[in-house]
């Protein structure tokens, strides 16, 4: 057991992000996120745990587009946590904002309270026409209708590596634990690690002058740290 | 007269609920009907260790159930006249797996992992009971969340945070 | 026995009682099936990872597949693979849904109700092979069979070529839309003419200081997007003390352009003018390393900067600025991309762009242009380079004139992928017998008589030489990660079985018992090479390692400098783009572009990819038409208004996306939707812009000029909501302040 | 004082006026009893048609609810980011309606406003039924309603408790308490009338009333206890009454969603609740009066007084609304500005102007006594108020969720047939309960009226007639 609990953070380097959607599909594959189809998407009921927002700046021809991957920000002072009547969402010792699907009764209060709107809700029964159900990851609960789900920083992958490492009598090394999005990100825009470990890559990147937090003015203290694009690191 | 009916109805409901609860428990503890009348008692008394047939709890989430090949490893020569053993042999020959019924069952949203439990020094018997004394294997404890928490919450201060955390078992 | 019966009865009783009392608890029965004979590497409950190769696009990235209890659960990049280094794109991630697709063909089928009837009759493989052998044997002339291939595994290409040549037929014709949109064929021809080698060049993006990308969507679909994206990340933030500068020239602001520092909305077909002007300015003003200019001054002899500026509508000052940026950088690369290849003047434009690399002496330098080094893998390099559209047109003509009796189609869907004006659908109707090897009933398979479904790539063997390659000589191996789900059969094995039945010359040419035999023989050629990242004592253990590593590559990077000694010294021709469609009646350029998720449409049957939004518009599950706000207001249409896009060769209807990053005279439509057949997720969804394209080719390369069609737009007055993730009310703003 | 002592004043209009107002007309006690009881037995075909119609609406709504549970919340129009829609808006509306009952009977009882007497029963019944309808919504809107009991604090071996930090738990406690309190309050005041009805009816009614009247005989001690209980309840229920809508408002105000995150929300909600509740009561009284021919008891001066109360509550609501709005508008914070823009000039503008006009026009109307005392005009005015307040709830819940800090994730909302059916079900259910109630229980509190009669007399002092009031409570 670690002496200090880790503080898991995700660094998103916006200068590297190319908006390629690899993380979106990787997340869906890893976390059994259902596809909802065209109609539900039009209704605003898509379920991606991570989505890439695209912002326009300027006007043609001097126009720029920027990408920003947005997922649950794993806030330290999370607005979603106190409002849940049944403790389905709460803060874990390692700084994760947990969502326990089997406890959720679907009041959607957390979704209303979340300023980032990154909590998604299973509006209808998820469908996996046979044999597509074979793709389901056995490490992650398959959610039914009527409950909230969201990015967990792939806690099943964190646990898997931790158990493996502890069985070998060691602590996981920096970079060994990778959520599915981080693992697949082609331009290495995503970095995951322990902020309580001063030598970890995330600790170093977090001190960059480019770093900022999404809606930082709200004081939610997110566990996702963005690095601004368009600037050099020096 | 009316009052009698009311009281009677009330008693019936109460008895029904109690009976239901008891029968529910019975169902939980009842040994399921297995395709082959396998006896743990016979095997344990013959001196076979748990890990011989269930090899992987030290390195995997599951303990594993023995392959048909493993059964036939011994039963090629031992007790081949037994009709149950012949049934095993017929499964082996046809290449069909034996459809065992799971005895200790967790809900789908519970992620139990044998490996850390054995790593923490627990014995098989702690949870599975004295299987060596069972002719027909059955569940000895109701493996509900309260039962899990009995251990998980009584841990040292530095461990309890992690072990009593929901994410320890639910993902 | 009595005891057992009573216990069973008791259980029934309790079960019944619990139901009656309404207290039926979480009592359920779950069957546990042990292995009969356990595979040695499998530990129950633990995942096994198998290394293989991704086959969703021609790049050839290495993958590892997480398999639990015999079922593939997740695909990830192979961290040791020299090309993608553990990374994978959206399409690669979605490969599982090819394997588990509910619309897969489960066995060989005969279209019994006639072509297009979609009435299929299952066949035993022996019967199916009988038909194939019979059709081959009864051909009057071996040249009356044609093999049309698309994305073929390298080993299958080898086997097919051997098969066809021993049978006396001509080689397979390789054509697919994805490669056409990437400009593979034109790029290969350019490399051949410049460097004497018909290969795809590698651009060292990671070390580049300045990148001028001319229509190269290298972060989306062009060539090897994963390795290029990885290099792009390094170029942005991984260089010591610097940050690369990217300028992207394209009529539409693509996702690559969005990642660029500058986007130049260039007039379609004018990319070459810009490149020539930049080169001329560098020469005239002796910018950068002037000493390296001398041998190339002749290339720019005919270039007049002002003329180029007028033709490209880019002011001379801007061109001067770009020339300075390009020349002042120590490592600057100019990339001729797929967008150029799709123009009538594609060949010359690409040459003009590549010439910038010659001028700034970037060939074979760090942060410059390389070719992939075959090293000991030369024996593997018989890669199916995509053929030109012209070659295919010849085949179509032959089909139409009845010169083809038997058509075999593998890994491509020409009915969907070719412009309607190419006439493939009519041509295929005049072929007496058509056999498809598709796993799905796509538009082409629906017009086949017999479908012999291949395994999916996760169930089959093979190898792939990454193209364009990596810095290390590499071969990527492919192995089944799961047992085939259905009664499908590898096309390689089908060919071998047919060869055996045909006997004689063909059987001699293909002596292997199955494709694994063939692959093993080929792979162990590398056994004993001292350069490899691994080696083994015996060929069989080498074969095991080959599968375990997911291929073979060298320990160290071995760069290969392109040979530029034979470059022809003559002025680069300045050719004007030609467009189909009269400007007055068809005022807009049609810009079809490959979807980052669906690529050329082959991803359209995978729900994950359908549900993954387009990065720029955030639309999924449909086709849309991108219009500049100015264009939209002049047409009087707004978001989600359905418009009719009409070219001289067809028309389609789709809702409008007001897209601020596109030239007002250009209309962009993503490729990939509009399938008539291709399973439940793809069918009757959106429209296919390629159908509108004119079948004109670039005279230099013979490639299809898919970007050279003009269209007109008519509002229909209807509205259809697009499935977008983004809220239209938010107007694309990050925050409102 | 017995009826015989009441003097007749044929020529003195002012005395007649008093009598009229105080129900001192020449009616014997038993005549009054009959006047109240008779309408309960009148069930014409129209009544049954109404009951069947309402029942059909309720059944349809229940089907819609079943459909919603079976297929999931996606059958409603809610989405991301508008996680809460018509259900929560209607919930807030019904909780608001429930406030009038207590306002009338508890507050006015404490203030000894005598005109309240004939309308207390109707108001209290309205409170109870409105709360019943409101109480359905927390269940209806749950994604997994079959797990609702997890919100209850009961001991379990999982060591799991509800989260009392959550405003939903406060809600549950407050509404439950309010429901128990107001039902008891309704019931306590019913006892003497039930006893009266027991003594004047037969068959099943008599059996029912016998059980419900708890053996009331009308002794001095019983009256004394009843009065004490009612005064205690009147005092105790007022803080609950204030807390309920405050807590409902905190469901919204505790989040950091702009325009919800407001300190004025609690009093604003309470005032809005009283406004809409009183208006609803006036509406119902007009309808019941017509339907049950209760013109004798529900007179224009009652409507006048009620109208004045609605007027005051309306003006208070405007004040609170303005106090909130001006600060938000002046603050000009980006998201708030966007939300206000949406309301005033954006997609929500039709709803906003409907809300404002439906809430403001009645205030102007009610200034005139003519409107207050003319039943149909009052009905129009108060119906408008209810339309306005319902729209206001929708605007608060739905409108403010459509915009947030992330413009990418803005959204729109429109209800589906499921939501509309369920909302209509609660209106029909309320009407059905109320209709049935009015035929089973004495709608006009007989004992209170009689008590009022005892309190007031007109005495002759010399040549003058002087109305006098006695303190009897």
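A few notes on this one:
The first chain written gets the first letter, and so on, giving A, B, C and D; residue counts start at 1 in each chain.
Note that in this section a residue touches a chain if its C-beta (ideal position, glycine included) is under 8 Å from a C-beta of that chain, and two chains touch if they have at least 3 such contacts.
Treat the numbers as computed from the prediction; the structure is a model and nothing was measured.
The greatest number of inter-chain C-beta pairs in contact is found between A-C.
Using the mean of the Cα atoms as each chain's centre, the chain most removed from subunit B is D.
With centres taken as mean C-alpha coordinates, the chain found closest to the middle of all protein C-alpha atoms is A. With each centre defined as the average position of its C-alpha atoms, the distance from subunit B to subunit C rounds to 50 Å. Computed from the mean C-alpha positions, the centre of subunit A lies at a distance of 36 Å from the centre of subunit B.
Annotation: 57 Å between the Cα-based centres of subunit B and subunit D.
With each centre defined as the average position of its C-alpha atoms, the distance from subunit A to subunit D rounds to 46 Å.
Annotation for subunit B: residues 59, 107 touch two or more other chains. Among the residues of subunit D, those touching two or more other chains are numbered 405-406, 408-409, 411-412. Within subunit C, the positions touching two or more other chains are listed as 725-727, 731-734.
A complete topology is adopted by the chain contact network, contact being made between every pair of chains.
Contact residues of subunit B toward subunit A in the complex are 59, 107-109, 111, 113, 115-116, 119, 158-159, 161-162, 165-167, 170-171. Per the touch definition, subunit A reaches subunit D in the complex via residues 40, 43-46, 53-55, 70, 79, 82-87, 103-109, 111-113, 115-117, 119-125, 144-148, 215, 218.
Contacts from subunit C toward subunit A in the complex involve residues 68-69, 71-77, 84, 86-94, 96-97, 99-102, 219-220, 225-226, 229-230, 232-234, 236-238, 241-243, 253, 255-259, 261, 263, 265, 485, 596-597, 607-613, 615-616, 618, 620-622, 628-630, 660-662, 664, 680, 685, 721-727, 731-734. Residues 334-335, 337-338, 347, 402-403, 405-412 of subunit D are the ones touching subunit C in the complex. Across the complex, subunit B meets subunit D through its residues 144-147, 149, 153.
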